[in-house]
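Have a look at the structure below, then the notes.
First chain written, first letter: the chains are A, B, C, D and E, and each begins at residue 1.
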């Protein structure tokens, strides 16, 4: 499942984000493509991902964060 | 009369040399055993008979002397095409290459230049003795003033060699001896150039970009085919390693967001490092996974009982591609 | 009698050599002008008088001969410490360094080894003539079997030099001649070693990691101080460039998520590339910005009228740090 | 006067081409056993060489550099060494190395692609040197170490005619002269550097005269005359070991000889040289020459020759069997001998290769 | 018999140390003007040298390698060249280069850290070569190119005594011999390679005799005797240009001389040599020797000597003024001469440096 997911992500259009933001998005189970970037050229930062996650009432967030620590 | 011939890569070297020898009287070909013997790989076969020993000649066994005299000839206005018998035997000439060939233009503010093409077969996999399997292109790409070219097909070989010989600056022309005779391609009879500094996409793909050159191009394409249907792999043959075609690399990467660099040279300090560093510099925002390096090991190239373990082959490249994609 | 002396870096080289010459009869020091003259930088001053010309001697002017004979001596069981007068004059010995010193152990399955320490002053900024300002550590770090060490302080110099001389493998010991006499430090009189392969954090910080070595350590620290209060900069002096202390690099990077590599060598193919490549390999998920490289240009090192433009200095490093932080 | 004082443009000879002793020449003072040993070793080398070439042809060995024609130079010179002395070879000194203690299976192992053939434990033999002339400074350095340690070892350094064009030849001999090292610089001038004939290698009339540039004596010897080679090499070894008034210890010996076969099994000499040239040189073949000498002295007869032939064949056959029985080197060994202590990154690479092997199996990786 | 056939262990001389003509020596056939020119140029070189050293001391120039004591070797040899011929210098041939057309300000410019001093437009002079002996193969290669193009240019290649130990010296001379190049290999044996005396450089009795290793003639000349140098160099140039039966075109000349001053302004010779050695050699000073010769012949008198002294001082002063008036090279020039076409990455780096300069100002960057 993991494999096909990233496979899809790879095909899912160009997202402009720092790798740390991408990792955070994975950890927070956020779809990076859905995050609005606030950086130059719409780049997605760590903060954007966090803001998105907080605005999003996704249940998985907490467990993802815990399992990452 | 045909317009093309079906040639191996080493035959294309020979054909390229022949074309340039015919085209320009200032071109001379020399080195150890390149005359009557036609080169230990037969890359100069027949040229001695055809052009005579003024144009195609053997030298004493002295690499620094070969490159040093080539520099003198080049500064004088000739277009020398010396051969190093194996890239592992170019080191005695290293000072002449990096201190003089690379710098004569800058030192003399372009009064003198060194339009020399220094041919050398490189790479492993042919069950050769010690020191015969080096691939240390990174030594030359770190020296400003040199160009470094590595062909991967017969057709490119002839065109890149012609472009190198006609280039006003010194070119280290590294020939992938593993594939000297591995396959044939239709090569035009007439002379032509393939522009230096331009990468070539050998296979288009959207999931991951493989950047490679020379003898590693074929196993990279093989790996891509093996993964076909599963992962859509782009394979870019860099062809000129200095100056590098950064635009093509970055563009491909921005498309895929994932990359694998494949080279035979040891990992640490190999060109894969420069490619990874540049990618993250220019396209970090697109980067979905680490640029994976599938390379030789950080060991001297082993004697032949172990050489096949040393060199990347399709299975290893597939693993590397999966690693990049599954990150 | 004091326990320490206040020494410059070049005096620490001398003191380190002296300590090892006293400690081990197998240690010999030789090269061009290292005898009576005490070295063109005075790094061997007085050693000829103290130890006699059996232990400290001049050789003919021939770098390949110097390294080649050192390899013979080392294989025999001695601990030769040859000097290349400038790193730019080590190229004639390149074949001996990469084909033999680096490989004798592997080729003989450890029957023979080459416990040689090849000292060479490197780097620019001293208004020297052509070829005297090279810093091509990347040539040596790409060759498996060599260790590469670059000290940045007098105290480290003595300890790293001792560790290099005692090391069973060949060490290219590159001395930052720009700071040979730039400052002094208390250096213990007794001999001691600073372990090879361990980086040293010169300044702790949390915003960004600067990785550097040798003469670039001081301007890096200066840049960090200048930015103090604004940006909290960590400065890591790598000290051993091969084998590299990857753990320390990655650990620092994981803390800061941003990095700048500072070196004098040309950018393309410099060690900055390997560091950036490894960081993204091992810690991509922590990466907030591209690893920025503040380096020399991809040109031959210029004559002195322009050299200060070539070399990174504090202002340029500050810019690089800001770039990494403001990404 | 020492034989080393011969004008470098003349050629020292003891046995004429027909095996008779040249007029006025003194035969070196060897025992009958030693003479026979010299003969047998040359025969062994010849036979080994033929078998090795055929192993390569059959795909049972990699590229191999044959020595046929060069037996006298190798055996004669190496027999001039004591056990304590060192041999610093190029890549063609299989016979010289054998004389100095290397087994035939050791030689085979190396050319079968296994670095353990270069380990040379307990032997005073330096590893094979492929980069031409690069071993010459090593030999000078070994001599400097011996001087420093005040031993009386001698170092016999071999290289070809082509090697004399390399900078390392020059630097090595110059160091030898300056530091007065106990080195014998032994040039196997076999007339060819692959396809390049001796005359194109240097405009110098002889190689021996190059010694003048280093202040040492140079002497030319008939390299297909084992007794002449032994004589000259012994004199050079003696001078290197014990010195001689007004003379430097090192000597440059040019042993004039011929390579009958290809440069290596990858080479085709018919492209660059005529068969009749080969035939001319075969008239000087050291083995029949030595055999005649020994028969004339009543040391050999048909029966002993037959015995020797048989024992030589047996020895070579046994060596091949042993060599082919050796296990393949482990992949670990590739990582184990880079540094005394394996750096972490190398440990990771070793583990990665192990993983690759277990994931894919050796067949796939070695395809 | 050519003067080049002199035994390499002897020394060719024309002027005795006192300026008289050595018995039996023939004075080269130069006009009065040429003799005076020779004298004037040596004086100019000496004066230039003293001023250059003091410029360095005052911080107005970087490291500089002085030539005092070596004027005769440089001027005598360069005067043997035609305009069409080439000079392939090391780093100390300021006087030879001057004779062959390089301005003094050109020389100063280089040592003032500006590559344009090495541009040498329209001059048949190769750039300064700092890596010792590396220019020797270049000179052989230039000669090969001239042979190929069937010109009759000659290439005069300079190097020091220390340089003869490098592999490149050996390889260059060997190529010269094998390809019979129109090269004069001119060794300025000034007794020292920085602190290493000639005797430690090689065990060879002379440097001239090293020619034997390459099949060419080697000849030793009193390098502080401008007429002897001119004579030998002319003979070598003539042989290089036109050939001679049974002789190779190239010659190795060893000009025995002495460096009065430091190796470079960064060197302190008092550490490694005695003042009285310097004084001994000063007795051979070429300038008074030549002056005596010219006075004896009635070509010079006090007045002309004073005129020459003054004109030399004026010329040097003017050159210094010109050199100090040159603009600093642009930072762009650093990028412009790496390749014929600037690669994109280099263009970016150039733009980056421009940005740095405009952001920070030159003072901050150059601090």
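Keep in mind that, in the parts below, a residue touches a chain if its C-beta (ideal position, glycine included) is under 8 Å from a C-beta of that chain, and two chains touch if they have at least 3 such contacts.
Everything numeric here is computed off the predicted structure, so don't read it as measured data.
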Chains in simultaneous contact with subunit B and subunit C: A, D, E
Farthest chain relative to subunit D (centres taken as mean CA coordinates): A
Chain at maximum distance from subunit E, centres defined as averaged CA atoms: A
For subunit A paired with subunit B, centre-to-centre distance based on mean C-alpha positions, whole Å: 41
Where subunit D and subunit E are represented by their mean Cα positions, the distance between them in whole Å: 44
Averaged-CA centre spacing for the pair subunit E and subunit A, given as whole angstrom: 69
Gap in Å, rounded to a whole number, between the CA centres of subunit E and subunit C: 36
Per-residue multi-chain contacts in subunit B, two or more chains: 60, 62, 64-65, 88, 91-92, 95, 99, 106-107, 130-131, 144-145, 244, 268, 284, 287, 297-300, 327
Subunit E, residues touching no fewer than two other chains: 115, 131, 165-168, 170-171, 174, 178, 200-202, 333, 338, 345-346
Subunit A residues counted as touching two or more neighbouring chains: 18-19, 22
Chain-chain contacts as defined at top: A-B, A-C, B-C, B-D, B-E, C-D, C-E, D-E
Residue ranges of subunit B touching subunit C (in the complex, touch as defined): 64, 88, 91-92, 94-95, 98-99, 102-103, 106-107, 130-131, 136, 138-139, 141-145, 242, 244, 265-266, 268-278, 280-282, 284, 287, 289-293, 297-300, 327
Touching residues (chain side subunit D, partner subunit C) in the complex: 115-116, 118-121, 126-127, 131, 134, 136-146, 148-149, 167-168, 171-172, 174-175, 178-179, 333, 336-340, 343-346
Of all residues in subunit C, those that touch subunit D in their complex: 28, 54, 59-60, 62, 64-65, 67-78, 80, 92, 95-96, 99-100, 104-113, 144-145, 147, 167-169, 197, 243-244, 246-247
Parts of subunit E lying in touch with subunit C, wherever the complex brings them together: 62-63, 91, 110-115, 128, 130-132, 162-163, 165-168, 193-196, 200-202, 266-267, 271-272, 328-329, 331, 333-335, 338, 345-346, 349, 353, 356-357, 359-360, 364-367
Subunit E-facing residues of subunit D, complex: 165-171, 174, 177-178, 180, 200-205, 209-210, 212-216, 248
